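Before any comments, here is the structure.
Chain lettering (A, B, C and D) follows the sequence in which the chains are written, and residue indices restart at 1 in each chain.
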Amino acid sequence: MKRSLTLAILLLLSFAPSARAASEADYKAAYAAAEAASKEAAGMRNQWTTTVSTLAAARKAGDGGDFDRAVAASKEAEALAKASVVQATSEKEAWKAMEIR
Amino acid sequence: MTTHTGPHPTRRLILQGAVSVALIGLGNVPFAPARAAANDKYPEEAFKLKNEADAIKALYGRTAEPSDKIKLDAPEIAENGGVVPMSVTTTLDKVSSISFFVAENPNALAASYKFPDGTIPAVANRLKMAKTSNVTAIVEADGKLYSATKEVKVTVGGCGG
Amino acid sequence: MASSIRVRATSNGDLTEVQTLIQHPMDTGLVKNSKGELIPAHYIQELKFACNGKDVFVANWGTAISKDPYVKFSFKGARKGDDLKISWTDNKGGSDETTAKIA
Amino acid sequence: MRTRTSFLLGSLSAALVAFALTSPRVVAADKVDPAADAKAFQNFFFQKFPNVKHEDFVNGPYSMNDDMKRQWQEKEEFPPYEFALDAGKEMFSTPFKNGKTYADCFPNGGIGIRQNYPYFDTKEGKVVTLELALNRCREANGEAPYSYVKDEMASLTAYMAFTSRGKAMDIKIPDDPRALEAFENGKRYFYTRRGQLNFSCASCHVQSPGERIRAEILAPALGILNAMPIYRSEWSGMGTISRRFMTCNSQTRAVPLEPQADEYRDVEYFLSYVANGLPISGPGARP
C-alpha cells in the first residue's frame, strides 16, 4: 500500500506546473534551428552521420507528440551540426599541420 | 614479391615437407585393415549440438586425449571472424577422420572430414568464428581419438562509425 | 551457368594435391538482412571427391564454414590425367558437380 | 545524447589544442609540387618502416604484421576474388547490344592499362578514374551504368587490375594548372579531419599504420589503392575504390559524398600519384 502511495505522489509531481512541458511550438522552433545548422554543414560537404540520425530522432519524437524529447534531440542535432561547421572552417588551414613534407 | 593466384612457393614447400613426413609414418604399414570410418550418413545430430563435448560424443561416441602428434595451424588473432584459415596435419597412423570444433560458436562442430585409405591425414579449410574461442582438432586414428587445441582471438574491426 | 566449383588438382609422383573453392553463400541462418529479416540457413552439408570409382575424401560441413568455401587435401593412388569427380549437396537440396582432370 | 555532445566537444578542443601546439612551420608560398610531395611521402614510409620492402607496401596491412601476412598467404592459395575475376573477364568480352565491347573504349583494348588510372582529362579539366571511364564506356554504347559500389563494377575493375599485375603505378600530371589544383585538392582531402570522430585519412593511414583498431591492422597510405578492387572478408564480397572511400567516411561518422564526387576523384589521383613506381597488385584480398 505504502509503495503505491509514493508512486502516486511521484506521478503527480511529474505533471506539476513548475516543470513546463515543451510545447509543439518549442519543438518547431528548435527543429528549425537544428535543420538550418544541418543545411549549412551539408553545404560545406562536411555533414556528420550523427547529426542526420539525431535530427531524424527529433522529427520522430516530434511527430509522436513527445515534445520534451523532440526539443532535446533538436538541440543535440543543432550542436552537432554547428560543431561540424566549426570543424570544416578550422580544417581549412589546420590540415597542413599533418601534411608530410 | 608480387602476388599471383598460384600457390605461394614457400607455403607449398612447407606443406610438402609435412606431407612427406606423414608418408613415412604410413609407409611402414603395407596394407591398413579397412577401418571403421565414422558412419557414412551426414551427422545431423552432432552439427546441431551447442556444446563441444556433447558434439564429440555424438560424432565419435567417446572422448579424446591430447596428442602432440597433431599440428593444428590457426592464426593467433583472426583477421576477420568470417574467414579464419585453419589446417591440421598429423603423424598419427591409420587416420580415418579429422574434425574441427569451435567451442564458442553457436554450434561447436564446424567440419568433419573422412579419410579413406590412401588419403593423406591433413586438411586446410576456412572457418567462421563468432568470437574469441578455443579451436580443437580431433583426429580418429586406429579407432582411438586424439585432440589438439589452440586459442584464436576474434573481434570486430573498424573504428565504429 | 559456369560450375560453382573451382578446382586445382596437381599430381607429382604418386601424390595428388587438391584445392577447391566453391561459390556458395553458406548462410548460417543467424544473420539478418538489411530489412531485419533472418536470412534462412543455406549451407553445403556434404562435399565428395571421387577418383577411379572410389571416394578419396568426404567433407561434412556445418554452418561455421566460410562463404565461398575452400578446402585442400592430398591423396595417393592417382596419376596425371585421371578424372576427379567433385560433388556437393546443401541443406536446401541444392547440388552441383564437376569433373576435373588431374594435371 | 548527453555523452555524445561532451565527447564531440572534447575531441574538438583536443584537436584545436593539438593544432595550437604544433609550431607553425615556415612555409614558402605554397607552390604545388607533386613530384616533391611524392618523394617526401614515399621517404616518410620507407624511413618509418625500414625493413618493409618497397614493393610490399602495396599489400596494405599484410606488410605490417606477420600473423596477418600468413593468413593472407593462405587465402592467396585460392583467393576469394577468383569468382569476381572470372565474372569480370567474361563481362569484358561480352559485347554490348550494339556489338561493341569495353575493349573498344580503352587503349590497348583495356588490357594492362590500370596503372595509368586515374588520369587528368584536359578536355574535361577533371580527373577521370577507371570506374568512371567504365561507366562512360557503357553509356556511350547505350548501356545503363553500373552502381559504383556493387559487384559488376568490382568484377570489371578486378579483371582490368589483374591484367596490370606487377606493372608500376604510372600516374601523370600534365602541365595544366587545373591538374595541379586537382592534385592539391586530393591532398587537402586526405589530410582534412572529418566526422564526429574527427579523423582524417592521415590520422589512421599515416600516423598509425601497423597499429590495430580493434581487430584490424591499419594499412599504410603508401600504395593503399594498388590492390584495388579488394575482396573484404568484412563484407564477404568485393569492394571498389568508391565503396572503400564511402565506408571509411562513415567509420569516422562523416556522411559520405556521392560516388565519384570530385573530392573522391581527386584524392584517388593524389594517392595513386604518390604511389608511382609501386606495383599494381589488384584484385586484392583484405580482412
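Brief remarks on what is shown
Definition applied: contacts are C-beta pairs under 8 Å (C-beta built on N, C-alpha and C of every residue); 3 or more make two chains touch, one makes a residue touch a chain.
Bear in mind the structure is a predicted one, so any value in this text is a computation, not a measurement.
A count of contacting C-beta pairs for B-D and for C-D identifies B-D as the more extensively joined pair.
Per-chain CA centroids place subunit A at a distance of 35 Å from subunit D.
For the pair subunit C and subunit D, the distance between mean C-alpha positions equals 34 Å.
A straight line joining the Cα centres of subunit A and subunit B is 53 Å long. Shared interface positions of subunit B, defined as residues touching 2 or more other chains, are 7, 82-84, 87, 124, 126, 161. Residues of subunit A found to touch two or more other chains are 49. Multi-chain contact residues of subunit C, defined as those touching 2 or more other chains: 19, 66-67, 70, 72. An unclassified topology is adopted by the chain contact network, corresponding to no line, ring, star or complete arrangement.
Subunit C meets subunit B in the complex at residues 15, 17, 19, 28, 30, 45-46, 54-67, 69-77.
Residues 1, 4-5, 8-9, 12, 15-16, 18-19, 22, 25, 27, 37, 40-41, 44, 187-188, 191-196, 198, 200, 202-203, 206-207, 250, 253-255, 257, 263 of subunit D touch subunit A in their complex. Interface residues of subunit B facing subunit C in the complex, by the touch rule stated above, are 7, 15, 19, 23, 40, 42-43, 47, 82-84, 87, 102, 105-107, 109-116, 118-120, 122-129. On subunit B, the positions that touch subunit D within their shared complex are 1-5, 7-8, 11, 75-85, 87, 124, 126, 153-161. Per the touch definition, subunit A reaches subunit D in the complex via residues 42, 45-52, 54, 72-73, 76, 79-80, 83-84, 86-88, 90-91, 94-101.
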